[in-house]
Each structure stands twice: as C-alpha cells, then as structure tokens.
Amino acid sequence: MTLSKLILAITTILFVGCTIHSIFYIGFKKRTILYWILLPLFFAAMCAACLIENLAGMWVAIEATTLLSAPLICYHYTAESLEAMWKYLIICSIGIGLALFGTLLFMNGWYIPGFVFVLAGYGTKMGLAPFHTWLPDAHSEAPGPVSAFLSGALLNCSFLAITRFRDLLPEEHIVFADNAILALGLFSLFIAAVFIVRQTDYKRLLAYSSIEHMGLIAIMYSLHADDFIFQSHIAAHSLTKMMLFLVAGNLLLAYGTRNIASVHGLGRTMKLHAALWMLGILFICGMPPSALFFTEIGLVCSAPIWVASVVMVLLFVVFAGMSKVAIGMIFGQGDKLHSAEAKPISWTLSIVPVLALVVHFLVFAILFLCCFYA
Amino acid sequence: MNLLITLLLAPLLIGLVNKTKAFFAGRKGASVFQLYYDLLKLLKKSTVRSSSSTWVFDLAPIISLTAIIAASVMLPIGGMKPFVWFTGDAIVFFYLLGVARFFTVLSARDVASAFPDMGSAREVQFSAIVEAIVFACLAFLALMTGSSSLSGMLTAEWCEELAAAVPLLLAAGAWGIVLLSENCRVPFDDPETHLELTMIHEAMILDNSGPDLAFIFYGAALKLWLFAAFLVELILPSSVHCVWHFLAILACGPLIGAIESSMARMRFKRTPYILGGAAAMAVLALVMEIMTK
Amino acid sequence: MNIFADIILASLVIINLRLAGSSRLGTLIRAVALQGFFIGLLPLIFTGGEHWGITLINIAVKGVLMPIMLTYAMKKTNTKRELEPLVGCGKSVAIIFAITLMSFYFCEARHIEAEIATRLAVPLAFTTIATGLFLIISRRKAITQVIGFLVFENGVSIFGASIAMEYGLLIELGILLDVFVLVFILGIAIYDISRTFSSIDIDKLNHLGDRGHIHLRRH
Amino acid sequence: MIAIAILFLVPILLVGSAALIHATGYLHGDGKKRQGWFYFYMIGTLVSMCAVVGSTFLGDKVMTMLAFILAWESMGLFSSGLVGFESESKESKKATWIYLLSCHAGAVFLILAGAFSFRPEVSQVVIFFLLLCGFGLKIGFPPFHVWLPEAHPAAPAPASAVMSGAMIPLGFFGLVFWTGVTCETKVIAPYFAWSMLILGSLAALGGILFALPQRNIKKLLAFSSVENMGVIALGLGLAAFTYTQGDLLTLDGKASVVDGIFTLAALGAALHIVNHAFLKGGLFLGAGSVLRMTGTLDADKLGGLMKKMPWTGTLFTLNAFGLAALPPLPAFLSELCIYIAAIYALSQGVLVIPAAIILIVMSLTGGIAAATYAKIVSATFLGEARGDQSEIKETPKSMIAAQLILFIPVAIMLIPALLMIAPLWLFRRFLCPRGNTKPRQLTWDCGYEAPTARMAWTGTAFSQPLADTFKAVLRPRTHVKSTKDIFPKEEAIATETDDIVLARGWNPVFHLSARAMQLFHLFQSGSLHFYVLVMILAIAALLIWGAF
C-alpha cells in the first residue's frame, strides 16, 4: 500500500471513530452546531491533502486543515483554549508559510534550501521538535475527540507532505534530506522524553507522546526501514493514540481536572477506564502485544548502532515517565485531600476506545501472524 | 578408636583448663574430673523449662550435641583415619558446628530474656567472622597438602627450612585465635565471671537445666577438644606416634588456662579487631601459598 | 517593464523599514495595505500584463479587504499603539536595514539571481519575510503579530511573483482564500482575546507551558 | 537443554501452584473482592515464565529471540500487576514503578543485544555485557538489585514467592542461553567467569549484609534472595572458569580434574536454584501468613508467634534453617557441591584464585546468613509476644497446605536428621531418671520476678553487634532520643538501614537527570515570541548545515 492510501485509510477510520465518540461526548445542541460543521470539513481537508498530487494544491489543503481545526481547538472557549488556538494559528501559519516558500524554492530548482523550508514548515504541522511548540497546548486544550483526530490523523498528513518532497529530491541531495529528517526525529524524541518525565498534565503527556512517535516515524523513514514495519507503526500509533485521547477526554469529564496528581485509584472507581488507560499507555510505549513493540524492534534492527542505542535509551526514559503516571493514576486510593472526586460518566463513552483497542489488537495480531508465516 | 578417645577425654580438657587457672590464681581448685561429676549430677535432675519457650528450646540441646558428635566423627587424630571421610568433609565438619550454634542461639532467644539475647547476639557476631577465617585456613590447607579431605589436610610433615613453615605457622596462629573465640574463652568471653552482662556462651544457656544443661556442657567440652585437636594436627607431623598427639591435645588445656590467667577479657567493641588480625593472618598464609605454588 | 518593477521593489524596501520603525498601529496597517497593493501589481509587471483578473483580486484582498478588517479589529479592541515593543523602533529599523543589506550582499555574492525577473526581487523577498517574522517576534500586540504575518506572507508572494511560478488559477485563489480566512479568524480571535484577557498583549497568553506548575483549573 | 528447562520449570510450576493455593487464604477484605485480577496477573506471570523457558525450543534463532523477548517483557508486565496489586501508598506505588522500570530496562538491553548480535561490527564482548546488564537486572546483581527490596515488601506474599523463587533465577537461564546463542564459548568464557565471580561475590556478601539489619520480614527475604543469586553465580562462575582452562588441560592431563570441577560447580548452582525456589517460596508464604494474621511484617513488633501459629512457625523455622544452608537440609547440599568444587580445585592446584575467593566469600556469607535467619526466626516466632496477640490464631488450612507442598524436599532431608537426633532424645526421655518431667517456670532472668516482653531484645537489637562490625558498608541511620538531664526520662534509639545503592546511587542519579531535563523546559516556556525565534534559529541551523 502506498503511504498516501494508508494515511487516507487511517484518517477515515479515525474520523468514523471520533464522530461516533463525539455523538456521546459532544452531543447535538445548539452550541455544538459549529463543531458538527467543522469536523467533517476538517476531515475533508485532510482527505484532500492526501489525495492532491499537486504540491501547491496540497499546501492549500493543509493550510485549510489549520483553519478548520482552529475553532475546534477553541471548543471549550476558555482563556486557555483561546490561547492554545492563537498559538496554534500563528505558529502553524508561519510554518505553512515557510512551507509555501520552500515549495517555491523547490520548484525553482533550489533543492536544499527548498527542502529545509518544507521540512521546517510541514514539520511544524507534524510536530517535529523544535517546531512542535504549538502541539502540547493545542492537544491538551481541545476536546477529547478533536485531540484524538489531530494527533492520529493530522500529524500523519503533514508527514505525508514531507515524504512527497523527499521523493522528488534528486539523488545527490537525498543523503542530506535523510540526515536532516533523522536529526529532527531524534531531537523530537529527546524533547518528548524530557517533557514526559515529571509531566503534571495527562493530556499534555499524550501530546508529547505524539511528538515522540512523530520523531520515531521520522527516524524510521529516514533510515529506510522496512515498509511494512514503518506503515504498521503509523497505523498502530494513530489507533492507540486516538483511544488514549478519547479515554483522557472521558477522565477529564469524570474528574474535571487534567492534573495527574489529583487522579488516584482509577482501578477502583472506573475499572474499565483504568484498564483502557493502562493498556493504552503500555501499548503506546511499545509493550507487547502492541504492534509498536514489533515496529520498535524492527527499528532497532535496521538502525545504525548509535541511533539504535540512543533511541532505546530515550524510549526507556519515555516509558519511565509514562508508566509512573499510569501507576500513579490507576493504583491505590491515594491521598484523599488532594484527589478529585470522580463523577459517573455514561457507558456509551467507552464504546469507541474499546473498539479501537480491539481493532488494534485483532488487526495486528492477524497482520503479524501472516507476516511470520510468510 | 580416636572417636572413642575423643568422646571420653573431652571433659578432661575442660578440667585441665580449670585446674591450671586455679593454679595461677593460687587456689587448689576442683578436680580435673569435676565436669564428669557435674554431668552425672545434671543427668539425674529434671529439666525446668521457661514458660515462654517452645519446641525449639526443648530440642536445641539435643540437636546441638548431635551435630557436634557428628562432626567429631570426621576428625582424624594422630594419623588414624576418622570414622567417616570423603572429599569436602572439612566443610561438613564446620557446617555441623554451625548447626549446633544456630540452635543454641535460637534456644537462647526462645526464653525472651535480655541476658541470653545479649549473649546470642555476640555469639553470632563473632562466629560469622570466624567462619571466614576458618575457610581461609581450609583453603590454605587444601592448597598446601593437595588434599580435599580433612584426613589429608591434617597430615603435616617436618619442614626442612623455616621459610616454608611460615605460612603454616601463620595459619596455626589464626587457628589459635579461632579456637579461643569459638569456644568462648578469654579474651573473647569469660566463662567464669558472675556478671551475666559480660558472658557470651554462659549467658545463652542461663535457662537450661538438668539433662539439657548436661548435653550443652558436654557439647562445649567436645567442641573445645575438636578445635584443640585441629590445632595439634595442623602443626604436629603425622609421623609422630599417636599417643603424643593425644597428649598434645590435652596439653592445650594448660596452655589455654595459662592464656586465660594471663590476660583479661577484652571490651566487646575491640574483639573484632583481633578477629580481623586472625583473618589477615589466614589470608596472608593463603596468599603466600598461592605465590609459592 | 523592469524599470517599473525596480521602482516598486525599491519602494517595498522603504515600506519594510517603515513597518519596522513605526509603533502606531494605524501606520502599520496603512503600510501593509500599500505593500499588498504593490505586490498585487508585481505579477502583472513580471508577466507582461496577462493576469488582470488575479491581479485585481489580489489587490482587493491584500490591499483593501484585509487592512479594513484589521482597522476594524483595532477600533474594536481600542488599541492605537504598540506601547512597549520587545525591541525598540530605532533598533528595529537598524536590524531590518542590516538584514536588507545582508540579503542583498548574499544574493549578489552567490549569483542566484540568474533566472529571476529582476535581481532585486529575491533579496527583497527574503527581507520582507524576515521583517514579518521580526515583527512577530518583537511586538507584543496581537494585531501587530497579524500584520507581521501578512508581511511575511507578502514576502513569500514577492518571491512567487519574481520566479513567475504558474500555479494555475484555482490554486492561486486557494492560497489567497486561505490567507484571507486566516486573517479573518485571527481578527475574531483578537476580539475574543481582548474580551477574555482584557488586553491584546500576547505576553498575557502564557498560561500554557511546562514550567512544573500544576493545572488545577476545572472546565 | 531439556534438563535445564525442567530444572527451571519445576520451581515455576510447584512454587506457582503453591502460591495459588496460598492466595486463596491470603487474599481477604479488599483483596478478596478484586481477586479476579490477582489470579489474572498471577496466571499470566506463570504462563509467561513457562513461555520464556519454552521459547528456547523454537529452533530458529530470530524467532527464538523474538519470542523470548516477548515472553520476557510480558512476564515483567504481569508481575508488575502483581506488585501493584496491594498498593495503597505512595511508597508502594513507587515500588511498583521501580519494578516495572527494571523489568523494562532488562528487556531494552535484551532487544539491543539481540539486534546487535546480527551485526558483525559489534564485538561479542559488548553483546555479552548487554546481556549481563539485561539479565543482571532480573537476577539482582548489584547495582541492579534495587528493585528487589522495594518490590517484594509491596507485593502480595504469594506473588513474592513466585517472583523470588522462580522468576529471578530465570535470569540465569536467559543469561546462559543467550550467551550460548550469541557468543562463542572460547571468546566469552573468561568474561563470563570473571563477571560471575565479581558480581556473585558482591551479590552474596552485599545481599546478606543488607538483609541482616532489616526489620521487615519480606525486605529481609528479598535481600537474602540477592545473596542466594550471588551464590548461584559463584557456582556458575567456577563452572565457567573451567572453560578458560581448555588448552592448559591437554598438556597437563588434568582433564578429569577440570571436568570434575565443572560438574560439581554446575550441579551445585543448578541444585541451588531448585532449593532456593522451594525454601524461599516457603519463607515468603510463611511471611504472608504472618502478615495475614497479624497485619504487620515488622519483626520487631512481633514475637512469640510460634505458640499461636505452631504450623506456620515450625515450617518457617525449618525453612530458615534450610536457607541458612546448614546441614542436612537441601540448600546445604547444593552449596556443598560448590564448596567441594572449590576446595577440590585448590587441592589440585587449578583455578586457585577464583576458588579461594569463592571459598572465603561463601563462608562469610554463610556465617552472616545463619545470623540473619536466626534473627528473623527468633524475632518473629520465638520468645514472648511484643503486643496483644489474643486475637491471633493459626492460618486457614489452605495456607499451611501450600507451604507443605514447598516443604517436601526439606521433609525428605529431615528424616535422616530426625533419625540422628533420635538416640539422644530417647536417652533423655527414657534413661535419665527425671527426663520425662517437664516443669514449667518463668524465665529465670537472674531472679527478676516480673519480666515483660519488652525486656527481651528485638531482632534489630540482636543483629546490631554484627551489623555494627560492618557499619562502614551498611551506613545505618540512627535516631537517638536521649536526655541529658540529671534525672532520667524516656529515651529511645532506632536504627534504619536503607539500601545504599538506591539511596546513594540511583536516587541521586535519577534526581539529577530529572533536574537536568527540566533545564530543557525552557523550550516550552509559554512565550510565543520565543517559540517563533527558536523556529527561525532551527531553520538557520538547518540551512547552514545544508550549505556545507
């Protein structure tokens, strides 16, 4: 399967999932009309970005995703979400503007500067450090389904844009391009690790985890990892991350706080969500039986030794940070004084996460079995 | 044969020690056979047990004595083969003594009183370090004699030059200290004092009485005999007739008595240093042997 | 036709300096409107008067519509001046001037103007992009940031026009629409920000971030 | 290979089933309500442990490695669930976290080692050291042992029994298997042997030294697991040393000697794995029974439990006696094999230095181990109760039955022992004139009439003199509350001994690196100006890089 088709498929699946979840999470009210108008448009823009072959046309579509998702991020209309939207708009627009500049340079035959601007521009949208700064803010402020959609679909689309330019490069510049992507990927992994340790906000935690995985995807891409492994990673990350963001949204609904220290003993109060949260975090960290486990091993096997070592160390740091959070939130009864009370939430909210988990598990179990027997 | 002599003569050694001490103190002292009388008397009495105690206290004297007798089965004296010997019997030998100590300590702790507790705490403190010295000596012996069984290890020969004897003498010196420590003699312990606070072995058995106490006394005497025999066999060549060996073991009694009379018990805080010195001697012997091989 | 192009480009340099040197929002908006107008003309000049339609739309959007929107936002939020820029106006002019000189020097030194319609265009595009980014970094007011973004976008357009890139009409319109919608949304956001934060200082927008503080706010 | 697999499977299955039986009695209250999770984790752990062993039979190298890592990782995950099962407090959550991290770190090393083993440019020594780190984390070689004393007190007792008895030794299984698969014996034997010798000595001595002053029963047992792993490592190391003798042998004609050393040492290590599984499993289950009935694991607050819980007490005492490696119980036999191998080597003049080190280290370890077990048995079960024990009774039958399963090997070896002490017992019973009478009196105590339980020494006090000898290593923290007034008032002294490797090694390292990471939080300071500036600088850097 080509990358664009794969990303299109993932985007569609995520759109279906997020829409179903939104029915229960957002609901149909007068004030949610804008949400229901923008969500499909946002999806349409992403589809366009995947499908349009013309580089400038793709640029238009990706810029459109920024514009259409900005009001979605601001759905709660609090001061923080406004701030997040503002930063998202400014940073991404600058990024996209740079991408346009890069596209022009590229088309004019100035490949290296062109590619640098394209990489920086779409890298901004993709969440590669140090262009990622909008991402934690936007993902943490947006409502659950929107964060899920942003993280699982939008980032991939921007990545697709980078790969298109990389494929058009003439032979002699490919080494530089790969090295640049690799450097940004490693730096993203590093930045994610640094911010995941001692993180206090669980939605930001997931946002940084997205940066981490975008870094990994960039690294895999730059090292010409096996197509199957590379694409599995993208798909598995999107599915798992969607599930995690949906669960995080539900937790926010129940506890009313994103502060990790205020949430305790999920294992006793919200058993299903505790299991989903634990599994999701283990899966996203590449624990078996997640597909990410195999893809990360694949990466280590194909990467140069120093890259493999650095990646494993950083992944371990990420695991340390995320597992601490999961354990803190799931186990124990904790300190009554600082913990928030959980409000009961509707069971319908757990349909999509459970389905996502099941799909992830089934699809990859089948895929890998086929792969091993082949 | 040597097992029989060991079992019979062991209490005599204690009697000799006490007689010597009495001599140094200017007293007439008890008969050298006093321990035999004591044992007989104790065997006739009934055993009083602490109400705090459990089966551990009840069985410990029996287990301890059994273990020490079992160990003595393996000790060669004067070139005579022991009752049982095999590769590595030296290890079993010392571990059996460890069993005896383990249960003595447990039974001391079983009566819930501060004095036995104090004694047992010190007992384990010294014995843990002594264990390493003993095994360093064993390693040295195995290396020197090329044998891995006690009966082979304890067959010394006349040395032709003094330099070759230095490691052996070092080991013997370490062993002498081990002997004093393991059998709770001065300077590690003073069995004769009347302050329970300062005793080790005697404090541990404060609550034993009757046949149990007899077992313990006999076991202690036997253990002293075994260590003395080990020391004698370490340095006395096996070409000497075995009667001399037994006499040498018995001569250890007055020797120990003389040492006990000539010095006072040390502060407990200082005793580990002596053990450290002994350990250094044993390890030095071992290293010298490794270097010369 | 190059003489016209050179005149326009030279005046764009002056506009850049003006943008850097003024703290009055009104002046800035007028400057950016003028810049939009000139840039709208550029394709016409470079391609020899073929694209009348797109030129008109460009001028209408960049030179008229967006400045009007910005003026409206300025009035609504009751802000007239950029009070305390992070870099003072004098220094800003100096910096932009230095950047202009440097980009001209580099383009000259590396001879990259070979196929470009006029040798002024590429360095000028760089300078304008730099001016836009500089405004975003060094100014506190939200409106100034939007203006900075517009300048940045204009810089990209100068470059696009100067290399005579043919996107096709649809995509041209798409790009224009995107920018327009963006400025529209930003304008709305400015209004919301001024209401929520009772100021349009971007420095007030610093609740989000990772500095180890704890988010206890309830939604 | 089959024999080795059975060697590891037997403890897994037997300790596992005993733990499952024990758990039926152990879980109560809140734990009973959530027991489904417990059994899920437990069975998951056991199955993945079996899978670890089973994966080595797959044949194909890549598949084996992948399956092994998969099973290894899931073993860590399931058992982390067990460790976290009872967690209520911050400390126990931290223990779960540390455990999970150490499991995962082990897997990371394995993945790297596996991936690098296909690269010709990576030397085998590097791969071996990666493997050593990976499996050392599970085995608990210092400085990687830190999770043991944290996780074991936090985990439910049946879980500790499985983890300590059956899971930790799997590290040796993995180490030997992977080293065999990825490295050439000739190249790696000296590294293997020396690292086993050094790490084994450190683990044995360090483990037992830190076990000695602990007052938490399970913490003490956890440290003693480190010690036993050290002993096994010493045995393995000695066996590995024989491979380094290869060439010398054929010249000397000492082949049979070296063969003998290898056989004895390897046999000793193998036997010790099984023995340790049974004994340590039994001890952890016993500790679990104590916790279940008394609600505490603090040995200094217990005492005299033997009278209330005779079965548990007796089994615990005998297991402790066994684990102190005293004759004639099984653990002694396995240590004896290693001892004999060492002393045999010395007497034959081969491998003199390692053999001498092993002999001395093991003897010192044995001496301190005896003291440690004497302490924990006497403080918990002997003497008088240090608190109200009127409510306490013997545990449910299932818990005793579980311990009896693990008691089988000890019971077999106890029969000759009982036969040996029988003559003296009969002598006392029938030949002594008053041997039958058993009058009971208050403890004599120098004539003091009203002894209280508080007058007896606590376990900590008992171990204090010996611990004091090694205080340079142990670095206990002492809290003294004393009075300098003329008239005596209440005084108190308490000592605590932390794991220095964790307290002075890992914790500072972790804190420092977290602090260093916080320096980078600058990148997300919240200032939009700064964000854009960073973007531009990054682009500039990329452009400059591209230009060259």
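Per-chain residue numbering starts at 1, and chain names A, B, C and D are given in the order in which the chains are listed.
The definition used in the following text is that a residue touches a chain if its C-beta (ideal position, glycine included) is under 8 Å from a C-beta of that chain, and two chains touch if they have at least 3 such contacts.
All values derive from a computational prediction rather than experimental measurement.
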Chain whose Cα centroid lies at the greatest distance from that of chain D: C
The pair of chains with the most residue-pair contacts is B-D
If you average the CA atoms of chain A and of chain B, how far apart do the two points sit, in angstrom? 74
Could you put a whole-Å number on the gap between the CA centroids of chain A and chain D? 41
Distance-wise, how many Å sit between the C-alpha centres of chain B and chain C, to the nearest whole number? 97
In angstrom, rounded to a whole number, how far apart do the mean CA points of chain A and chain C lie? 31
If a residue has to touch 2 or more other chains to count, which residues of chain C qualify? 133, 136, 145, 202, 205-210, 212
Where does chain D touch two or more other chains at once, residue-wise? 518, 521, 524, 528, 532
Listing of all chain pairs that touch each other, if any do: A-C, A-D, B-D, C-D
Please output the residues of chain A touching chain D within their complex, sorted ascending. 86-87, 90-91, 94-95, 98, 112-113, 115-117, 119-120, 124, 129-131, 133-134, 136, 176, 180, 191, 193-195, 197-198, 282, 287-289, 293, 296-297, 300-301, 305, 308-309, 312-313, 315-316, 319-320, 323-324, 327-328, 330-333, 335, 372
Okay, in this complex, where on chain D does chain C touch? 518, 521, 524-529, 532-533, 536
Which residues of chain C touch chain D in the complex? 86, 133, 136-138, 145, 202-203, 205-212
Contacts from chain D onto chain A in the complex sit at residues 63, 66, 69-70, 73-74, 77, 84, 87-90, 92-93, 96-97, 100-101, 104-105, 108, 111-112, 115-116, 118-119, 121-122, 514, 517-518, 520-521, 523-524, 528, 531-532, 534-535, 538-539, 542-543, 545-547
What residues of chain B sit close enough to touch chain D in their complex? 43-52, 54-56, 59, 62-63, 65-67, 70, 87-88, 90-92, 95-96, 98-99, 101-102, 105-106, 109-115, 117-118, 120-122, 124-125, 127-132, 134-136, 138-139, 142-143, 145-148, 152, 196, 206-207, 210-212, 215, 268, 272, 283, 286, 290, 293
